[in-house]
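Sending over a structure as structure tokens; questions will come in a sec.
The chains carry the letters A, B, C, D and E, assigned in the order they are written, with residues numbered from 1 in each.
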Amino acid sequence: MTGYVGGLVFGLSGGMVIALAALFGVWWERKVAGRIQMRLGPTEIGPAGVFQALADTIKLLLKEDITPRQADKKLFRVAPFLVFTPIAMSLVVIPFANGWAPLDTSVGMLFYLAVPAVSVIGILIAGFSSGNTYATLGGIRGAAQMISYELPRTLSVLAIAILAGTLAPVEVMARYEWWWFPVSLLGFIVFFISSVAELNRAPFNIPEADSELVAGYFADYSGIRWAIFMMSEYGGIVATSYFGAAIFLGGSQGIGGVLGVLLIFLKAILLITVIIWVGWTFPRFRSDQLLTLAWKVLTPMALVQIVIVGVIIPWL
Amino acid sequence: MNASSIDRITSDAGEVDAVTLKITERTKKIATDGTPVDELVVNVGPSHPSTHGVCRVITHVDGEIVTKAEPVIGYLHRGVEKIAENRTYLQVVPLTDRLDYVGSMYTNWAYSRSVERLAGIRVPERAEYLRVITCEMQRMASHMMSLGSTSGDSGATTAFIYSFDIRERVIEFFEDLCGSRLTYNYVRPGGVSMEVPDGWFDDILAWLPIARQSLSELDRLFFGNHIARGRLKGIGVLSAEDAVSWGASGPVARGSGVNWDLRKHDTYSVYPRFDFDVPIGSNGDAYDRARCRLFEVYESMRIIEQAIEQIEPGPIKADGIPRLIAPRPGDAYDHIESARGSLGVYLVSDGSPRPYRMKVRSPAFCNLALLPMLAEGHTLSDLVIVLGSLDPVFGEVDR
Amino acid sequence: MKINELREHLCAQYPDLCPLFSIEFGDGVLLVECGQLLGAASDLRDLGFDRLGMVTAVDRGETFEMVYRLTSRSMSAGIFLKCEVPRDNPVIQSLTSLWPAANWHEREVYDMFGIEFEGHPDMRRILLPPEWEGYPLRKDYEDERIIHRPDYI
Amino acid sequence: MAVRSNDGSGAPPNGHIGALEHESDSVLLHINVSDEDRGGVGGFVDSWKSVFAGMKITAVRAMGPTKTVQYPHEKYAVSPRWRGALALKGVLGRDEIPIIRDESPVYNAVIRDLYDRERLPPCVGNCPANVDARGQNYYLAEGMTAEAYELVRERNIMPGVLGRICHHPCESACRRNYYDEPMAIRPLHRFAYEEYADVREERVKVFEQTRDQQVAVIGSGPSGLAAAFDLMALGYRVVVYEKERAPGGALFSGVPSYRLPRDVLSTEINGLVDMGLDLRVGIEIGKDVPIDHLLGEFDAVLIAGGLQTSRIIPVPGHDADGVRGALDFLKDANWKGDAGVKGKRVLVIGGGNVAVDVARCALRTGATEVRLACLEGDDEMPCHPWEIEEAVDEGVIAMCSMGPHEVLTTDGVVSGMKMRECLSVFDEMGRFAPNYGEDYAEVECETVVFATGTAPVLHDLVAGSDLVLNERGILPVDGTLFTTVMPNVFACGEVVTGPGSAIGSIATGHEAATSIHRYLSGASLSENRTDRPVPVYENYQPARLDGVEESRKRVKMPMARPEDRRKDFRQVETGFTHLEAVNEAARCLRCQSEVCVGCTFCARTCPDYAIQVQRVDDPGQRAITRYDLDLSKCSFCGLCAEQCPTNALTHTGQYELSFFHRDLMVFDHDEMLRDCGGTRATGADAHTQADAEEAS
Amino acid sequence: MALVDKLGAALDSSGGGIILTTVDSLADWARGKSLWSMPMGTACCAMELIAGSFSKFDFDRHGTFPRPDPRHVDVMIVAGTITRKMAPAVKRIYEQMAEPKWVIAMGNCAVSGGIFYYDSYSVIRGVDEILPVDVYIAGCPPRPESMQDAVFQLREKIATESIAPGKKREVEFSLPMPGAGVRGGDAE
């Protein structure tokens, strides 16, 4: 029984964290994108429009929740949660502070890489159950994309795992040394790109593809269900950035307390900003370009990274 | 990846009358030889972010590959040609503004040239220079719109905004000149409507170097980008022969290597006095078309600089144009090189102060007819690129 | 190219077309019988008029005047090809076999004037919805949805 | 071959030149835009470079300034030409309209000022003498007939005369032209004169002589009398010398009495005499009195002698018996009532108004057949079209495009005329250079009258003074100051201008009076002297009249029937009744600047038909009852504001035009008059929010 | 019926006046400040609509940004001429939008047919023939600022709405007349 209560509490607090992260992420994205585009972004609500995303969320909560007539109704309703839950779950292994993660497991990295990948099922279901050609195409594209990028992403993390000799992110942070960064740079780039692709962020947003598929797999979702999709996207960004900051950038670098929390937070913000920056700079890939990149560029790069690490390790 | 593996998604390829954002019908269709037809019909438009207005493209896709793309136009058919028969010659000018709404000056000019030919009006030289200057600035604005939407279609919203930034400045100049941002009503039969404000030319000359700089920045940001090149190159290849026989004109034809620019080859107004080049592509793909537009913007800047240098004070309107122009009976056609190609206006007069018939030869209409041919065999993502590279403006296509 | 040179060129190549040629508002006009249209167009294309710029019609009461605008890149010139189609039997040959560009133009003329084109691959309305009745650019077109402009005297 | 770089660095791209050769022979320059071999971005390293280059560009822009205008707090200053919502500056009410009235020496300045500020009604502007026709119409419509007469008399010294013979440029400029038909300004002059007869006695006002200088005026034609009137009004003593037995100059001897009854002329001149004019008839300066005498007696002398003789074209036989000049012919007809053409066939050479007058006089004096031959085609004859129309109605046969070739004579007496076809009158430069064809025609006639030009006769007049004539017998006169080589001698009228209109002569008289006044009061002649503005009012295309209600049309001037009027010299037009005149006067739009007068130009020009204007024209009720702008249809094209003749309708800079209901978008009369002064967006109240953010 | 409508109806019927008012004001605040737009741009006005969300005018400052998907948006901005052929599509897209939804008719073509009102056989004379329009903007085309002004006006209208079906909030409110001055929005 306590397990259930604990799970519930944990789930709710995880949801709150994701919601907050999403609110912040949305606002930050709109401000950064605004500056890139020589405009201001939201200014009206709160200082520098910081509560704009809050108003958006409240509005979305109060909006009509449409289930299209042609949709497969049960699947349609459940799909957002199938996307959201794995992303939320992945947060548990993120080391938010030095030496602390909500779930400090020895296979944290594996957990992080494996669990969010499940959300591809949700995307596929969302696209497929909408009964809409755009959504269907978006779902198919999303599935293809996420499966392709799973491999380079996993391989890229492997380098750090080899260097650190552990799969627990908390441990990696503790053992991090500065020269890991140049050694694992190639892996970091692969990780970064394939994570952006996993998150369906621009320039890999071909499942959503505003200009082609209107909104892709969530084209038919409205109100709160769509908000959940957006929340999982921004939750994913936060998770990825934290994870990347912890693994490749050393996280809190062994500094405890508030300073450590702040350090990893700043690194994560940096990564979020870069994700947004990249997203608003480049055109979108076409699906064949996307797969070419995954298989012909990123996978070999990740393998080279493993070789590099494998060569270096005996010299340590 | 391939939708053909999912036999549930088959669709009726026939007439889809309900114009919708999405197709909801999914019926399994059996071809005549008994095999299931694994085609998905994606209905793009008439309201779609990448159709540049209201165009509907009924797209048959096999997986991601477009097997047939059929444009359905007429969603903005406003009957301008019929309305013009009920307006006086002067009253038609505001109507022409609203045809090519990305480049109102062109339709103004083409129409005015036809009226002038019909009524035998000689335009003063200063007015011709002002027409050239405004129309070349309009070409900049129009091409910036086209380049921007090409990048927007391929997902680079920021490049869109940078190009729109240049366009916005041009529009500010037009606002200072004639008091409107889009529908200028500036070029009139017999001349232009207003003298330029003080310091207008100086402001333009001061701005052009800045524009060159931001244009080259845009060039590096978008056309220099690896992804963008991949998106544009080899997409929608149009051969020179097809371009001619399909009546393509403007950057669409020039991108295919057809060296045909009315400003040079069937020259009009004061264009022979300027030194400028015609950018020509060689591959005929979306990339070459877009590059032609980019280079034409540079050429337009050169023309503007030369024109401002050469322009002299004088009248801006021909003398003795009556309030109601009533040309003698007959018909006349005149054309100019608009941003989209050769834009002509055919006017028939019966001697009354209202045109008996007005027909606008719209370059975008002819260019858009190429879409089924160009889009076939490419992916759905490329469809919007091809459509964007044809640069249709539906006010002009549908009239 | 000057219009007179064009006339000489035309007369030298195709003497039978020569008497049909006239000059109006500085443009060459070739007025042919509807039966000759395809032949004349084909001759003109061989002469160098390689682009079909525009196809349209004018309602002249008893007849429809078909107007084809051909342009030549090599000569930098344009020419009108005109013929009269009877109003009671508005059928004319299609030029799609010579220029694929004629496809949409002829569909538009069909849409607006109800002139049918023989040999056109896809004779449907193009601008108006398929269920539309009447041909709006005919002078006698009436539609109760039109509000006519007030007539200021 | 100029190839420019696409990256702005000035270095040429490695593009191929002329990828696809053009068929034409001409070598045309073009740039190849394909850059396959530009240094492969296809390569692995290059593609990464391109990625980082792009990121650098966006990063630099992100660090740079924003371009946003924060709308409600700071407003982008729209162009002063911005075409926002329309507004009216004023609407014509029933208030008194501004009467253009000032004493002569400053009158031009008044007109000039009004003209510069675009406040001059077109009728006033187009009149050479700037007669305030608008004021006349206003007074007449309001029932103040005497005031109307006196207002007109100030500039047009003989309203009764000019009300009959003027060629009325005012009417061709009238804005009613576009609406239906122009105002009948000239008949209303005449009406005012006729009504004034009742009150003439009691309203007569003698000009007091307030200055001791004296001015002599030679000639009592319209220009001389106009100058005399002005000078009297200024307080000078004026003596007018006339060589004929009756005053009036060309008005008497040159204008047939069917157009101008002699009693009208005498009444008007007597009116001037009553006001203090010293008129001495039968004295010919130069013969009876030498000009030196005048120069000694008077402080200034004004020569307003007019044109005395006709030119006869020296074709073979021009000296035969039966060849006459137009002026002699008219003089005979007017003085004697018989021109000696009874029972004869008459050929009139010339296409001007004088020629038509001669032809119509010849009919009335008993000619059996009258032909009028002129060089010009029938649509370009120099006479006024209504003149030739009336003449043709009466039976004159017009022969256009015919030039005189030879006078055929039998024993020294005219027996006919050989005419030659004329192809064109003017050459390409617009000079008179008739181009004759090869066709000849012979016309049988007994009398040939040349109405081909007139000339002054001044030799006797100037004899003994310092004045010299040029070789053509013309006195050199400054065209704007009307001065001669002698400082105290001035000239005006047709002596200066050559053949012209009566109202044009009157205008020169006013100008000459101004010069004389300045001279006599010791002021500079040219200082602060404004040129006479010549407003170019386009001739409005006449409106179609088929649907116009009868009440809106111009009141038709009743006319005698053609078959009756050719018989005698009674006047052709018979004049307005009181009711007709008041109705006609009320039709006047009362054009004023920056005040909507309801001319409906805007409604006619509007391509959207968004403007509805209604107006009441009834006497005493003249007002605009409706001015509706349907803002939901307006296309903001600016044509209406451009066309507005009074500049009352303008675009404001207002662009915040959101409404909750479509009915609110119809702006009525009051809404159109709203004050829009403050709504144009200006940058004045801008906050520097963007800058503040920049700093942060 | 959306959940929120049920909530509103329940609160209204159970007399939860104060709670309803509070929820209403929250809802109206959120809805007014977050008006995502469906850019139904068909003609010239679409250009100004595009310009409006770009650097110089930046609708995003007011929380208004365009999304092409009707399911995600709150206000449809009809910018441009609507023809008889286009009308069913516009109507359909409007129906695809989730409640609550509003319509702004931008430009005179969408308001009344504008320059195409007379003599055109194919133009719908005002989008209010097929959709309930909340705010009309005059202009041909209106400036992007007019568009922002319309959004402020729409906020005032939204402020009168209640989440309880068929109920209006009582707020101090009058129909604004054109040019009434600065409305809406706080600056950064």
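Throughout what follows, contacts are C-beta pairs under 8 Å (C-beta built on N, C-alpha and C of every residue); 3 or more make two chains touch, one makes a residue touch a chain.
Given the structure is predicted, the values throughout are model-derived calculations rather than measurements.
K.L.:
State the smallest step count from chain C to chain E, taking one step as a move to a touching chain.
P.N.:
Between chain C and chain E, the shortest chain-hopping route counts 1.
K.L.:
Could you compare the number of C-beta pairs in contact for D-E with that for A-D and name the larger?
P.N.:
D-E
K.L.:
By mean C-alpha coordinates, which chain is most distant from chain D?
P.N.:
Ranked by distance of C-alpha centres from chain D, the top chain is A.
K.L.:
Between chain A and chain C, what's the gap in Å when you average each chain's C-alpha atoms?
P.N.:
Inter-chain centre distance comes to 60 Å.
K.L.:
Just the number, please: Cα centre separation of chain B and chain D in whole Å.
P.N.:
The separation of the two C-alpha centroids amounts to 47 Å.
K.L.:
Approximately how many whole Å separate the CA-defined centres of chain B and chain E?
P.N.:
It comes to 30 Å between the two C-alpha centres.
K.L.:
Residues of chain C that contact two or more other chains, please.
P.N.:
Residues 73, 76, 128-129, 136, 141, 148-150 of chain C each touch two or more of the other chains.
K.L.:
In chain A, what residues contact two or more other chains?
P.N.:
Residue numbers touching two or more other chains: 34, 36-40, 43, 48, 210, 214, 219-220, 280-282.
K.L.:
For chain B, give me the residues that contact two or more of the other chains.
P.N.:
Residues 21, 48-49, 74, 77, 79, 82, 86-87, 94-95, 97-98, 158, 161-162, 165, 183, 221, 225, 258, 265 of chain B each touch two or more of the other chains.
K.L.:
Across the complex, what residues on chain A touch chain B?
P.N.:
33, 36-39, 68-70, 131-134, 136-137, 140-141, 144, 202-203, 205-206, 209-214, 219-220, 280-289
K.L.:
Touching chain E in the complex: which residues of chain D?
P.N.:
Residues in contact with chain E: 66-73, 75-76, 78, 85, 607-609, 630-637, 654-662, 664-665, 676, 679, 681, 687, 689, 692-693.
K.L.:
Which residues of chain B touch chain A in their complex?
P.N.:
On the chain B side, the touching residues are 1, 3, 9, 11, 21-24, 26, 40-43, 48-50, 61, 64, 151-159, 161-162, 165, 221-222, 225, 227-228, 230-231, 379-384.
K.L.:
So in the complex, which bits of chain E are touching chain B?
P.N.:
40-44, 46-48, 50-51, 54-56, 68, 70, 80-81, 83, 85-86, 88-90, 92-93, 96, 115-116, 118-123, 140-141, 143
K.L.:
Give every residue of chain D touching chain A within the complex, in rising order.
P.N.:
On the chain D side, the touching residues are 44, 51, 54-55, 57-59, 61-68, 70, 689-690, 693.
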